[in-house]
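The chains carry the letters A, B, C and D, assigned in the order they are written, with residues numbered from 1 in each.
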Amino acid sequence: MVFTTSKPLRFGDCDPSGIAYFPSYLDILVGVLEDFFTSLGFPWRAMNEVRRMSVPTVRLDLTFRSPGFQGDRLDFALAVRAIGRSSLDLEHTVSRGDTVLWTARHRIVATSLDTNTSLAWPDDIRAALTHHLETAHAHHPAT
Amino acid sequence: MVFTTSKPLRFGDCDPSGIAYFPSYLDILVGVLEDFFTSLGFPWRAMNEVRRMSVPTVRLDLTFRSPGFQGDRLDFALAVRAIGRSSLDLEHTVSRGDTVLWTARHRIVATSLDTNTSLAWPDDIRAALTHHLETAHAHHPAT
Amino acid sequence: MVFTTSKPLRFGDCDPSGIAYFPSYLDILVGVLEDFFTSLGFPWRAMNEVRRMSVPTVRLDLTFRSPGFQGDRLDFALAVRAIGRSSLDLEHTVSRGDTVLWTARHRIVATSLDTNTSLAWPDDIRAALTHHLETAHAHHPAT
Amino acid sequence: MVFTTSKPLRFGDCDPSGIAYFPSYLDILVGVLEDFFTSLGFPWRAMNEVRRMSVPTVRLDLTFRSPGFQGDRLDFALAVRAIGRSSLDLEHTVSRGDTVLWTARHRIVATSLDTNTSLAWPDDIRAALTHHLETAHAHHPAT
């Protein structure tokens, strides 16, 4: 029940050394996070415009293990680790086939677009995140 | 003797929530690292093409404290923390005036473009990095 | 027989004015062109590394008609218009549902990575492009 | 009296073929346009937030003549060609030393952030653009 999705690594995501340019990896990662929220029923455009909230990143610890090359298929696995009042802790694993390319621990915070300060997760978003976390634990009790 | 430089945060670096898009911050950070190597006498084009080496990022721990806005002047301070056989540990502090916006601990590794494996820092680059580190310590003995 | 594909317009592709940032559109467009070559049997990584060639853009005339918003599904239609010795003329139409958002006339040129000068299309790539163009005309004689 | 500025072409702006990735050129170009408005006294953050207007691109005709390489210094020259009710026609020339790398004809339109429709240039912005255009003609009568 980890959220998974695949993305191509493109020519334009790579640099003159021939491997993935890591800021492009993070642009792709934000798209994966956006897909995750959409999969829960909360596309960001409505979150931004109707609820006047966003989910900026406050911590991100990245480990790059193996280089990615143009044309690779990147398999993303996103796991929810903890849900706070306004924070959400995630763990990402990004692989090409059996090879883990990079991993990340990631904290985002629900934030008001009007005040740029944190706010408690709205009940419906919290419920969806909690359901996702509990379903994941039920299926993978050892994680 | 910390390496410092300033960069504008542009309209195109910000997102629909009105604040800096963090992958754009990291694109700017790579440019700062490139400027640092140029300041030591080692522009990346020659490193890539003549020496057949690059300096990919293997670890990056990011903490975002306060949002950046379009038009902000970002002051970057890059400090060398440790020089290994093929690695280099850096610490970045990014501020707008007196406000620290974000910080990073950053490890890069000297890497062969031909084999994609690490290589020892060439003597002249090691000497320049060591000189930079020692000069910094001489001027800021408490750091 | 026009080549078509869809791409999401992401939060990170939009700017503080709330609409698509046009350089991000062009990053997406390069990915569409990459997909087109892959669909013909010529993924760019092999073209770059084995044949030592690339297909840089030499002309691009863009008309932006209507703004795109985060979360939009962009429908790309790529048509081959003319095949020269080393050039390829394309036309792109990018829509959201029935609304054309932007169009482009686009010329790329087969180029040697070793000399940065143009080269004639290799026979197999020319044959695939010609087949694509002729099939398109057979199916859409009026276009 | 053409507006001129220089920008570095960075490692991260180049692609695996070793030359500038053209969408990155356009990201840099938007920054040059932003600098131009700032030089006239109209930074975009205030235009966006106080006046609720932006200046999206509606036409852009690009010609890429010669490849750019990482480490190049790009010299931008921006000339105002015509000022309409809500449009502005610009011409860009981008060079490395004596070599023109690329040129662009560029139309932007003053646009309301609230309605996404065009609006007449505010008087003070029109006056500054007109002054810039007339001063340029006085100094370069043949252009």
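The rule we apply is simple: contacts are C-beta pairs under 8 Å (C-beta built on N, C-alpha and C of every residue); 3 or more make two chains touch, one makes a residue touch a chain.
Only a predicted model underlies this, so the values are computations on that prediction, with no experimental measurement involved.
Farthest chain from chain A (centres taken as the mean of C-alpha atoms): D.
Interface comparison, B-D versus C-D: the pair with the greater number of contacting C-beta pairs is C-D. Of all residue numbers that take part in the contact between chain A and chain D, over half occur on both sides, making this a same-residue interface. If you average the Cα atoms of chain C and of chain D, the two centres end up 24 Å apart.
One simple way to say how far apart two chains are is to compare their mean CA positions; for chain A and chain D this gives 35 Å.
Chain B and chain D have CA centres that are 29 Å apart. In chain A, the residues touching two or more other chains are 11-12, 16, 18, 21, 23, 27, 30, 48, 70. Put simply, chain C touches chain B in their complex at residues 11-12, 14-16, 18, 21, 23, 70. Against chain D, the residues of chain C that register as touching in their complex are 16-19, 21-24, 26-27, 29-30, 48, 54, 56-65, 67, 111, 113, 116.
Partner chain A is touched in their complex by these residues of chain C: 8, 10-12, 27, 30-31, 34, 43-45, 48, 69-71.
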